[in-house]
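Alright, structures below, take your time with them.
Heads up, the next two complexes both have subunit A, just with different partners, subunit B and then subunit C.
After this line comes the complex of A and B, so read on.
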């Protein structure tokens, strides 16, 4: 493929899409709005196809693994079985019109496997946090002291026991930490992030940043 | 060399036998056991600690919803999975109950596939029936369901309400719910609320700023710092974690799951604080005796 096709066509496409969507956010024009809406719809559809593509690729990999009788077959078989169940949900939707939202197989899978598994993984965090706090929170210097003090205040204020022991003062101190200290820090971080994204966008638009096009464009 | 090594071994033994060393290195299994007891006990036998002062953020969202006129359109973005559900689902149920009492019109939407069942669960708890079976479904309540591609999908929906053409149950979206809306865009909504452990900023960026819709949230406590950056300038309020949910339940006078979980949260926080203090006592005592802390 020529350098033009590999590098400039995707770049031009990005510039056009960016311009239309950017104009739509700052100007009121029916035509531009329609174009921008169509582009957003297209990106959602492309995203859905990307998921489909990844499912096909991953299925191929795991089916090949099962056929060649590689080690750790159980997880591959489980993955394929799960996908067959989901495909069944899709078939029921497209043929019988039963939406996955009310499809009992999908719902039961969610409540029996996904929800308890996911919730268990997350709740284990409470134990890890307790253990990590006990081991790592050592008052070694002033910085660590401030960190421990604020952590204790926040933990006490965010549970009824804090107010029950220390009164409303603990809430006021916690609010001060969140509304002044944390807010200021967070805003600086967010502004820096936004400026970095704008800088990256400008680099992409000017053609300096080509990593998103893949290796071919970089080499060209 | 051999003698020197023996002295080092002896000192190490002494250090390991010291009570101060032991209290700063309690075996992890005991910590887990203590946590398990302090979390489970109050769930089985509630202590009934008073909740205390209702936070400003919770009051903010409560008052805002309370002051909306009957028939106002409230968008509920249920972007939560099972990880956040323990913290955020009680808040969602409480807010939906409040909306139903006030006669608001509700739109449910999610940008994560795992959010779909929680829409159903919240509606079931607040309405007493399945959402699709409710007599007012399609007129007062509508479930858009899952729109893929996160904020891009939402932008499409915000720009054109009929973006997905059908609701979560396959019904045509051009039902009576959307019939009387003047612009058929997100500008017609009166309030938007995001729930979950994702970031809070997205609803400000994609709903509040471009469409002028005031927004709030019911977010996991770990992400509260994100939301405070927008409070009170860009959001009237939000619920922070389980405590926010409990506060809202008390405000609408319907204590539920969140209020029940407050005792467990209190004791869990207290046990962590006590363990941090014990660890530091051991550390300082060991350092004062010249044995060094961990």
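After this line comes the complex of A and C, so read on.
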């Protein structure tokens, strides 16, 4: 693809879309609003094609693994089989109008594999938090000491035993730490992030930032 | 054409007017600083970002140990504020890996990221003069589901045992699962995102962390191009204005004068 097509056409498209969507955010005009809605819908359609492209890439990867008899062969075979099943559910919906959500095979795949798998990974998070907290809460310096003190207060305030031992006072201290100290810190994060995003947008609009076009940060 | 409903009528909130005005002011300030930087009138400098400097160290470690490097530009799509800087750094990392002969494994969740990431990595290998080392199989879409992606990543890190794991982009609840897996395989970890709820997890499990805006300025730090540096100078001036407004507003509010507080109220 020529440099012009690869570099300037996507950039010009972004400038036009940004301008229309930005005007739609701060002004009321029926035509602009319709254009903005159409452009946002178009991005959703393009996103669907990107999913298709990724499915083709991943299928090719796993089929190649199966053909070359690489390790974890079983996982690749299982993945391809499940995909075929789900695609079949989609084809049946397209041809016969049978919704995949009432398809027993698709339902079983979801309720027997996907949902418990998600729940398992999410519950593992609790153990990882404990493990990470163990490493973080070590009294190495003054900052770490303050962190531990606030963490203990917050934990005691959230547990019934904290109130039973120290009364309502510990809840007030905990609320102060969370609503004043932590919130102020979070707002600094947000403020810095918003300003950095504005700068990033300007760099994209002026064509200085090229990573989103598939061009390296150091490339011209 | 008229102003948005949020800006007209009885429901006018001064905060909306202020935020819109400040957005326009920020754009003007950034425009002026870019112009001055390109003309050479000002020479902005970015303070040292240890996490970005550590990328070279991480790639070198992988080369010495003969292990691959893992990179994830986040779980978010192309429209997310963290994905674009994540991808910009991905190109830099890919090039470094290509130059040092390190196998780089890229994972992502959002399918829309795939073509961009593919092009970035391929271009980086071509730019490094090693197009034959580019392996499309190492750019892996794990799953569109958040925790299925995390599961896939944990499995991949356990099998491949990378020398370094870089997670720079948009992350959510799966962040700790991903970094704990990296910690357990002994990988040097560099992470960054703008999600304030995930940064504590990164801090506890990673060796280096890019906090909030540092991620967005990373691509500027890598290239040090004057026009990009100008945007950083511009937001620093805008930030200074906000800090002054907050400070003065806080003092005046304490004294019972609520003009600035009302101006900022949403």
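Convention: the second predicted complex is superposed on the first by the 194 of 220 C-alpha atoms of A that agree within 3 Å, B and C clash if a C-alpha of one lies under 4 Å from a C-alpha of the other, contacts with A are read in each partner's own complex, and residues count from 1 in each chain.
Criterion: a residue touches a chain if its C-beta (ideal position, glycine included) is under 8 Å from a C-beta of that chain, and two chains touch if they have at least 3 such contacts.
No experiment lies behind these values; they were computed from the predicted model shown.
Engineer: With everything superposed onto subunit A, say whether subunit B and subunit C fit together or clash.
Structural biologist: fit
Engineer: Is A:208 in contact with subunit B, with subunit C, with both, or with neither (first, second, both, neither)?
Structural biologist: Touch partner of A:208: subunit C, not subunit B.
Engineer: What is the contact status of A:178 with respect to subunit B (first) and subunit C (second): first, second, both, or neither?
Structural biologist: first
Engineer: By the touch definition at the top of the document, which applies to A:129: first (subunit B), second (subunit C), both, or neither?
Structural biologist: both
Engineer: Considering only the touch criterion stated at the top, classify A:164 as touching first (subunit B), second (subunit C), both, or neither.
Structural biologist: first
Engineer: Tell me the angle subtended at the Cα centre of subunit A by the Cα centres of subunit B and subunit C, rounded to the nearest 10 °.
Structural biologist: 120
Engineer: Is A:57 touching the first partner subunit B, the second partner subunit C, both, or neither of them?
Structural biologist: So A:57 only meets subunit C here.
Engineer: Is A:16 in contact with subunit B, with subunit C, with both, or with neither (first, second, both, neither)?
Structural biologist: neither
Engineer: Contacts for A:47 in the overlay, against subunit B (first) and subunit C (second): which applies, first, second, both or neither?
Structural biologist: In the superposition, A:47 contacts both subunit B and subunit C.
Engineer: Can A:25 be said to touch subunit B (first), subunit C (second), both, or neither?
Structural biologist: The answer is both, since A:25 touches subunit B and subunit C.
Engineer: Using the superposition on chain A described above, determine whether A:110 touches subunit B (first), subunit C (second), both, or neither.
Structural biologist: So A:110 only meets subunit B here.
Engineer: In the superposed model, how near does subunit B get to subunit C, counting Cα atoms only, in Å?
Structural biologist: 5
Engineer: Considering each complex separately, which residues of subunit A are in contact with subunit B in the first and with subunit C in the second?
Structural biologist: On subunit A, the residues that contact subunit B in one structure and subunit C in the other are 25, 43, 47, 51, 114, 117-118, 121-122, 129, 131, 133, 135, 186, 190.
Engineer: Which residues of subunit A touch subunit B in the complex?
Structural biologist: Subunit A residues touching subunit B: 25, 33, 36-37, 40-41, 43-44, 47-48, 51, 93, 97, 99-102, 107, 110-111, 114-119, 121-123, 126-127, 129-131, 133-135, 137-139, 148, 151-152, 155-156, 158-164, 168, 171, 175, 178-179, 182-183, 186-187, 190.
Engineer: Could you please specify the touching residues of subunit A with respect to subunit C in the complex?
Structural biologist: Result: residues 25-29, 32, 43, 46-47, 50-51, 53-55, 57-58, 61, 64, 71-72, 114, 117-118, 121-122, 124-125, 128-129, 131-133, 135-136, 185-186, 189-193, 195-200, 202-204, 206, 208-219 of subunit A touch subunit C.
Engineer: Please name which positions on subunit C make contact with subunit A in the complex.
Structural biologist: Result: residues 1-5, 7, 20, 23, 26-27, 30-31, 34, 77-79, 81, 83-85, 87-92, 94-95, 111-112, 114-120, 123-124, 127, 136-137, 139-141, 144-148, 150-151, 159, 173-174, 176-177, 180, 194, 196, 199-201, 203-205, 211-213, 216-217, 219-220, 222-223, 225, 227-228, 231-232, 234-235, 238-239, 242 of subunit C touch subunit A.
Engineer: Using the touch rule from the top, collect the residues of subunit B that touch subunit A in their complex.
Structural biologist: It comes out as residues 25-26, 28, 31-32, 34-36, 39, 49-53, 55-56, 81-86, 114, 116-117, 120, 132, 143, 145-149, 152-153, 155-156, 159-160, 163, 168-170, 201, 210, 221, 224-226, 228-229, 231, 240-241, 243, 262-263, 265-273, 275-276, 278-280, 283-284, 293-294.
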